[in-house]
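Going in written order, the chains are labelled A, B, C and D, and every chain counts its residues from 1.
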Amino acid sequence: MNSLINNPQEIAQIRNDFPILQTKMNGKPFIYLDSAASTQKPKVVIDAITDLYTNYYSNIHRSVYHYSQLSTERYENAREIIRKFINANRFEEIIFTSGATESLNLIAYSYARFNLQEGDEIIITEMEHHANIVPWQQLAKEKNLILKYIPINERGELVWEEYAKLLSPRTKIVSLVHISNSLGTINPVKEIFAKAKKVGVVTCLDASQSIQHTQIDVQDLDCDFLAFSGHKLYGPTGIGVLYGKFDLLDKMVPFKTGGDMIKSVTLEKTIFADLPERFEAGTQNIEGAIGLAAAVIYFQSLGIDRILEYENHLLNYATEKIMEIPEVKIIGTAEKKASIISFILEDIHPHDIGTILDKQGIAIRTGQHCTQPVMKCFGIPATARASLAFYNTEEDINVLIKGLKTVIQTFNV
Amino acid sequence: MSELSDLYQEVILDHNKNPRNWGHIDNCSNHSEGFNPLCGDHIDLFLNVEGKTIKDVKFEANGCAISKASASIMSALIKGKNFEEVKALYDEFHQIVTHGCEDHEPTEINLEVFCGVKEYPTRVKCATLAWHTLVDALNKV
Amino acid sequence: MNSLINNPQEIAQIRNDFPILQTKMNGKPFIYLDSAASTQKPKVVIDAITDLYTNYYSNIHRSVYHYSQLSTERYENAREIIRKFINANRFEEIIFTSGATESLNLIAYSYARFNLQEGDEIIITEMEHHANIVPWQQLAKEKNLILKYIPINERGELVWEEYAKLLSPRTKIVSLVHISNSLGTINPVKEIFAKAKKVGVVTCLDASQSIQHTQIDVQDLDCDFLAFSGHKLYGPTGIGVLYGKFDLLDKMVPFKTGGDMIKSVTLEKTIFADLPERFEAGTQNIEGAIGLAAAVIYFQSLGIDRILEYENHLLNYATEKIMEIPEVKIIGTAEKKASIISFILEDIHPHDIGTILDKQGIAIRTGQHCTQPVMKCFGIPATARASLAFYNTEEDINVLIKGLKTVIQTFNV
Amino acid sequence: MSELSDLYQEVILDHNKNPRNWGHIDNCSNHSEGFNPLCGDHIDLFLNVEGKTIKDVKFEANGCAISKASASIMSALIKGKNFEEVKALYDEFHQIVTHGCEDHEPTEINLEVFCGVKEYPTRVKCATLAWHTLVDALNKV
């Protein structure tokens, strides 16, 4: 396949797959620079949902009639598509959840809560999203565990030497973000996990921002658990994935209980079902799973390597252009970065920047990005963030630059 | 579609840059802290109330231009006013940011700049933060 | 509005709103008699989802740009539509969940787990769905609580006198199903709750099967908690609702933790957000909420009273016709019933019935319907179940009857 | 589209109604229980194994026609057979229910009735329950 760089025809074609990119926001062509918050959906995803409800919808795992079988088949096929996508060993290792947040909660609740003892230690990092902080904090409070943070340096990179010092015989879990949603930093998770594995520590990866910006191979990374959300991978909201190694999952108790996750229920007691059903209580998000599968197939069809190359090109282009504006300072300048750029503009509050850009059709995110500890590290209340996906163009970035100049003009800085 | 200048007028930018009544009052009679988690806006409001009159007011704030300017303008407006007058101002401000100024001519020139805020629903909270903090402080009398 | 009974034009019009009802299953016109498992979706619901992703999708509660505001507005408007629909007092009392199962788990986890002590008692019934049994069983095991069951009689009705005996000073929660999904019984919840309330017991209603077959008014019922799923109310999968009284919810800790449900996070501690955000951790099922709102508006537009009248008519018609077949026995013959009919046919296994009907385009459910204790009460391994919604017709029932006769013929009973 | 009669043939209906080898064996050498939670199918299988031969077999089952008939037919087929022969039958049965009979003529007339099962994916589990229970019982030797 051709490179996507300097390939406006193909990018135009790809942009055509996303109906929302053809709209105007506030009367201006819609420039979407907020893919780290959520990605837009290609038509194939919308079509998969329409097809389901129009042609064969029915509850799954439940009945013998044809539509029920077909819905079940498509749902289970979605699991298989995800399994292959992240190269998991067995289909039982893929659990559908409502999102990355639920996946991480499930690990804390169903694994850590039962396997860690008072005084045991969990290592996370200073650049985690709240979804990979708060569940551990809550558990630590309940069970008197110790939560340690790998610090970050001024570029927004993890400090390896400090990590080495944090590891102790009491360390039971290392859980970290693969790509930081506020800094863009790509963490060396393979090395971090390898070191943890050597001393028998369970490893857990928040892949919310990496599933769409890297090639994930759970066996190569040797992670025990992995979490991500469908809506950041061009799929629907309300669906996410928990990957867990079979031997670990198989010993875990369910997080939620109810229908379809039990073998038998009497008034006295309950025998839980096998994997993966044990963790999928109640009616599942059928359209979510089927929509996500359509998104993954679409994503793969573009060629992941090509996407990464192009996104990296966009990142470099945008970084360069932004750095040409002297009033702007980029927060997060790690050597290895994904296409996420946080910045501040003198003392103009990010929300004012966001409002002024909005009027020009540009969507960026402003705020703390659910990473308050990161903001504290950098001593700033919030940032503006432009995050890029393969459907963005150099022209999008040019419009952003023009927008930032309007901000500066307005504020006369 | 409202124009940008509706929101980011000279007055707002000026108050944002040079907030009036900035600082804090030692031994103030009333104090309250306001917080808007969405933007990270934060305000510390200090009052000296005598009888039913606001004798002095100072504030310190972190946040966007709208919230800072709103706090500054509020501080200038309420200084020296009694509770009844302040209540009337509060009601008028609330009316302006939620319904605009089409049916209502602001009584104070500096309130006019908030006529456009209702076009920016996410910014209404920024504009009202100072005023809600004021109510909170007064309730502590 | 006119009655829907003997009103084939309007029923035909309503059926036209549901694209899937125009399809053929196994080459025969699709006869859907499995609405208790999940309802089909009107076109307005599919359109609402398409509209979202085509015209204004973005993550909610997060940014200042127009699409983000619009998505947030529609999401919060969905909450308001649900609030009105069940006549809740305040919008903070409506929590979006992934489904009834999650709603019930949330109550058990966030309320009961922190408010009940060893030896305290929870009363449920023998006709509960597993979703209202297993979470309580698990909690009872963990905290040494006592779980008591209101028994059912041979018609599938709760035995009121037994309920009176079960209530004790240790009773802390009464949680029951409003309409049984396997028997169709409509329980006298208002009376049951009134009796519980008199002695200060917290009341909890599983409205999974009643939200679409009755007019629910949480204030009139005086329930403290209420749970239902969107997919049984003509809405999408992956979305559900927990209603809880403000004063109770406000004192509860979150079930899942992560982004968007906190006021502040430091490395040391976390302050949780106000209601309803406290219980909505992470990116929510935005399309689910918006789709569900579209479903509720559609449902209400038909006139709930008219729907109930018509469904009741269908129930009577179907019951009569089925009873004319001497080989069939209806399981669940309560005086007050919703349009759900479970039955057995001599000793022909329900799955064989289901398979034979499937070939004729008829979708019924067969099995235990996630109510194993009910099956045990009646001493049967499983039932066949036909469940009716307002889009069904007398003709659908005639086809079912013909189908059942084919089953009998095939098996030569 | 396959016809109904493909699945519910005389043979199946007959075995369902009059299962062969029904009952249980006291002091059997091998016993196993099989369970299919989807349908509630349940089977109790009793074997008397001598050397490597299945001398006697009996079963009791609750469930759908397909699973009962499959158990009955299986019991008739395996009685008196040695492990190798049983293994061959198991493999053949598995082949038939998952791939049908287009490329394969069943060696036993009574296996022919399962040629249509693959058209009914949810029923494959019903048909195979007895056979999986058999494997389980034999593994307990």
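The rule is simple: a residue touches a chain if its C-beta (ideal position, glycine included) is under 8 Å from a C-beta of that chain, and two chains touch if they have at least 3 such contacts.
Quick caveat, the model's predicted, so the values are computed rather than measured.
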Required steps from chain B to chain D (each step between touching chains, minimum): 2
Pair exhibiting more inter-chain C-beta contacts, C-D or A-D: C-D
Chain centre separation in whole Å, for chain B relative to chain A (CA means): 39
Whole-Å gap between the CA centroids of chain A and chain D: 47
Geometric centre distance via CA averages, chain C-chain A, whole Å: 31
Residue numbers of chain D (touch at least two other chains): 38, 120, 122-123
Two or more partner chains touched - positions in chain A: 26, 63-64, 68, 264, 351, 355, 366-367
Chain C residues touching chain A - in the complex, by the definition given at the top: 19-20, 23, 25-26, 30, 34, 37-38, 40-41, 45-46, 49-50, 53-59, 62-68, 98-102, 104-105, 126, 129-131, 133-135, 137-138, 147, 149, 229, 231, 236-239, 256-260, 262, 264-267, 269-270, 281-288, 351, 354-355, 357-358, 362-367, 370, 372-373, 376
Chain D-facing residues of chain C, complex: 26-27, 348-352, 355-356, 359, 366-368, 375, 381-382, 406, 410-412
For the chain D and chain A complex, residues of the former touching the latter: 35, 37-38, 120-123
Partner chain A, residues of chain B touching it in the complex: 1, 4, 7-8, 13, 38-40, 42, 62-66, 120, 122-123, 126
Chain C residues touching chain B - in the complex, by the definition given at the top: 61, 63-64, 68-69, 73, 263-264, 273
